[in-house]
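Step one of this worksheet: look at the structure below.
We just call them A, B, C, D and E in the order they show up, numbering each chain from 1.
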Amino acid sequence: MLFQNVQFTLDRGEILQVVGHNGCGKTTLLRSLAGLSNYASGQILWDGKPPRENLELFRRDVLFHGHLAAVKLLLTPVENLRWFASTYCAATDQDIVNALHAVGLFGYEDIPASKLSAGQLRRVALARLVLSNATLWILDEPFTAIDVHGIDTLQQLLQDHLNKGGAVLLTSHQQVDIAQIKSLNLEHYR
Amino acid sequence: MWTWFHKLGSPKWFYDISGKLLNFMAPVAALLLIVGAIWGLLYAPADFRQGNSYRIIYIHVPVSVLSLSGYYIMAIAGAIHLIWKMKLAEIAMRSAARMGAGLTFLALVTGSIWGKPTWGTWWVWDARITSELVLLFLYLGIIALYEAYDNKVSASRACAVLALVGTVNIPIIYKSVDWWYSLHQPATIKLTQKSSIDPSMFYPLLIMIVGFYFFYGVALMLNMRTEVLINERKTRWVQDIVERA
Amino acid sequence: MNASQNLSLLKGLSATLKRELTLLWRRKSDSLNPLLFLVVVCSLFPLGVSPEPKVLAMLAPGIIWVVALLACLLSTESMFRSDFDDGALELFLLNPQSLYFHSLVKVLAHWLLTGVPLALLSPIIALLLNLPVAGIPVLIMSLLIGTASLVFIGAIGSALTVGLRRGGVLLSLIVLPLYVPVLIFGADAVKRAAEGAAVPGQLAILLAFFMLSFALAPLAVAGALRISVDS
Amino acid sequence: MNASQNLSLLKGLSATLKRELTLLWRRKSDSLNPLLFLVVVCSLFPLGVSPEPKVLAMLAPGIIWVVALLACLLSTESMFRSDFDDGALELFLLNPQSLYFHSLVKVLAHWLLTGVPLALLSPIIALLLNLPVAGIPVLIMSLLIGTASLVFIGAIGSALTVGLRRGGVLLSLIVLPLYVPVLIFGADAVKRAAEGAAVPGQLAILLAFFMLSFALAPLAVAGALRISVDS
Amino acid sequence: MLFQNVQFTLDRGEILQVVGHNGCGKTTLLRSLAGLSNYASGQILWDGKPPRENLELFRRDVLFHGHLAAVKLLLTPVENLRWFASTYCAATDQDIVNALHAVGLFGYEDIPASKLSAGQLRRVALARLVLSNATLWILDEPFTAIDVHGIDTLQQLLQDHLNKGGAVLLTSHQQVDIAQIKSLNLEHYR
């Protein structure tokens, strides 16, 4: 039993940072919410209804960004995002290039991802946030391997998303510089 | 001694010297091949059992012989590349691998074409043929390994290691296949005795073999020169050459 | 509304197809290698068993089919591996479109670049192993249909084992028993054809296997992937 | 000084051995699987080729050897894979002790948990395929010695391809041609023994192969691992 | 060409943080120094001599901690460190347990590493620092996935190492709280 009685609501325009020491169950919680793990007991409501009632809608509205970057090393960043762009949303190649520029990958659009550094790979994954039109972003340690400048960009991205009426649920061991951020300490729910 | 060796590693020096060598080797190769081919195909007598079909040996035999020597050329180049990190040796190794695979394939194809009229079948598991097939696999393994690596520096070093492992193995493979065949020799098929070949058929064959060696050298150098030019395209001396052309 | 959804599903599926084909093509050696595997392993048999042409001709249908089966098995092993390792599988599973169709297309792409070339190359091995020429058209046909079933069935095993970080041998245990019927009918078709008989029955049965696995395997694959990701 | 260094090398080597054996043992299914592979694939041949006992008896030595060879190949494939993926290989390469000996021990551990059980299990398959009882002792002996060479040679291929994240089929292209001599002498020894002949010569040659690969393969493995990590 | 003319000396008791934006070559530099990659050109001197002159000594004196944790998921933390303890140094099982406690893994000594969270896994890797008696530590983003409390522990560990006359070369996108830290910005050497 990692945690119990955790309960929270997230509204549009809200951002919640799940914190807690290593191994307190943040990743487990986020994966359960996204629908990747089966939680032992509990209830998730999306728009007041359990997700499985309209799974497609739920999936379209929620974007999960996990520990792993989900970037294919054999494809270029543009090729990588193309699949995402035609299943999760409906973005054009131009949108993809713009998204890559937005996360600071100017000039890396068409080289194989195997030649990117750790941080550049994570940035390709973050470009999905720019493309996506999901309402809720679930981000597991999005700042990993990102440099100082990149962190600013990402925070700006989060802020914009909130302003547009989106919601964010994230974990991070770093301080997040966003005014309205709330935090949930999992250590209190053992 | 070492200065000489390092000079050999310099692409520009290689380009100059190979240019001079080619001026001499290319005509010799052409001459030998033309003479050998005309003699062998037009003037040598027909075989009393196989008729004219035997004339394919003028390709088949030189190609078969070269395919094996080619492996050792490749492996030696690979070893030099591994030990002294010489860029040229790496290029030589890759060119030799590609040409070797081609030659081996050609040996198999010409052999099969010959086999059809001689044995009535495209393929038999004769010792030499089997060894040649294994040799083809060894070459293909090296090429596939090279292609599989994204990082081409590591790729050529990995290929060099594999080529060296192959060098230790090839004599063992040849010996064991020979031994295997002498045990299992099927009663239906026999290769002709080596000694039975008539001098009037043998001389053109010899010329063809020597000619093919020269041809191999020429092709290897041409291959390497192209690669060198591509690799060094940003240097002064290459741009000078391009401008002159 | 519904039409536009279908349109976007089609777009998504073609994106999956394109992506998979690109990936397989980039790893050309991976999709070429089943072919080489077929040739190399088939040529081990004369060395191990006997070089006698008559013996080989008798064994050829069985050997070619068994080895083709192993080649399919080995190439399906890595079908979801890299997706699992780099997290792409999570993205795949969470995508808002139909997982059934996406899995179907993914497996299909795999077959296009392994099974089809395998079938087309098989005549060379037929020559090596001295299979009578009469058997060759049926060999190609049976492999073409048969490998499709093999790849679809193999995909289930691959999806079940991808989370286990184990070698391919566990996979072979799960999958090989399911391969048995395909092997029996495929090898039998070739054997009979080599003897000059007509074999519409065997080929029809192979086709039936294929249609069954085509329709059902993606369901199992989708379920298995969900389980693997949660482990 | 030197003696204490030797002592610490010995301690290091035994740590490598213990670690590898523990890991293989934890993944029991992985070290058991070559055995199951042997049994399952060998039993495909009666289905694909012919169930006739006489035919099977004739084919048995060749088939068992070819399949044992494939089983070794498949199990060596993953030899360095997980070490590469989780970074343990970097730690292994940077360790201050002799890489040659550590590689040697690592491969040896692998043989102990794949080759040895394979050899010991082979009588079961001999029975399945109707191999004359006279051939069984030599079958065990030849597999015992032969698989050691196979594992050592396979380790070279595995080390060369570990960085490539490819399926096992590239590996088979690289390694199988190098396996040819072992196959020839191994299968021949069994065949003759089954016919009642004595085969000290073949076994001696297999032993020589083993000693050669035992001494040289770790060198190639160490070099190949360095290359793979740098790619 | 990622960088050129980079030149620095590291003495005992010194700590150098290599910084720079994502993809500027920090990992490449560290791996080359450790001997994992071949650098195109340049020279590394250890104790005034090239490492290859006494490779064993160099390896004994230098500890590399990379992006990957090098922790086997099938082994427990103690089993994981045992191999390290008998090849890199000469530590006993008790030392190992103490090291695990030092990095905050109390109670996790004997459960399979596959059940550890992302941060706990990284901590197992960090326990090697405690065990090691190498002089130079080369650390590539050691703070990844570590929680706030863990970062303090790690910084204390670094400080102790420096006080004992060790040297540290590390990359991190985070601020490191150590007084004498110097930094090298790779972006200036393009």
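By our rule, a residue touches a chain if its C-beta (ideal position, glycine included) is under 8 Å from a C-beta of that chain, and two chains touch if they have at least 3 such contacts.
Since we're looking at a predicted model, the values are computed, not measured.
Undergrad: Supply the minimal count of touching-chain steps required to go from chain B to chain E.
TA: Minimal hop count between chain B and chain E: 2.
Undergrad: Which chain lies the greatest distance away from chain A when centres are computed from Cα atoms alone?
TA: Of all the other chains, the one whose centre lies farthest from chain A is B.
Undergrad: With chain centres set to the mean of the C-alpha atoms, which chain is at the far end from chain E?
TA: It is B whose centre lies farthest from that of chain E.
Undergrad: Take the average of all CA coordinates in chain B, do the same for chain D, and state the distance between these two points in whole angstrom.
TA: 32
Undergrad: With chain centres defined as C-alpha means, what is the inter-centre distance between chain D and chain E in Å?
TA: Centre-to-centre distance between chain D and chain E: 36 Å.
Undergrad: For chain A and chain D, what's the span in angstrom between their mean Cα positions?
TA: Those two chain centres are 45 Å apart.
Undergrad: Name the residues of chain C that each touch 2 or more other chains.
TA: Only 27, 29, 33, 36, 40, 47, 50, 82, 85, 165 qualify.
Undergrad: Mark out which residues of chain A touch at least two other chains, giving numbers and ranges.
TA: 67, 73 - these are the residues of chain A that touch more than one other chain.
Undergrad: Can you list the chain B residues in contact with two or more other chains?
TA: Residues 137, 140, 144, 148, 150, 153, 177, 180 of chain B each touch two or more of the other chains.
Undergrad: Can you name the residues of chain E that touch chain D in the complex?
TA: Of all residues in chain E, those touching chain D are 34-38, 56-57, 59-60, 62, 64, 66-75, 79, 82-88, 90.
Undergrad: Within their complex, state which residues of chain A touch chain E.
TA: The contact residues of chain A facing chain E are 20-27, 67, 104, 108, 116-120, 122-123, 141, 144-151, 173-174.
Undergrad: Any idea which chain D residues touch chain C in the complex?
TA: Per the touch definition, chain D meets chain C at residues 27, 29-30, 33-34, 36-37, 40-41, 44-45, 47-50, 55, 58-59, 61-63, 65-66, 69-71, 74-75, 77-78, 82, 85, 165-170, 172-173, 176-177, 179-180, 183-184, 187.
Undergrad: Over in the complex, which chain D residues touch chain E? Could you list them?
TA: It is residues 8, 11-12, 14-16, 18-19, 22-23, 26-27, 82, 85-88, 90-91, 93-97, 102, 229-230 of chain D that touch chain E.
Undergrad: Within the complex, which stretch of chain D touches chain B?
TA: Contacts found on chain D: 156, 160-161, 163-164, 166, 170, 173-174, 176-178, 180-181, 184-185, 188, 209, 212, 216, 220, 223-224, 227-228, 230-231.
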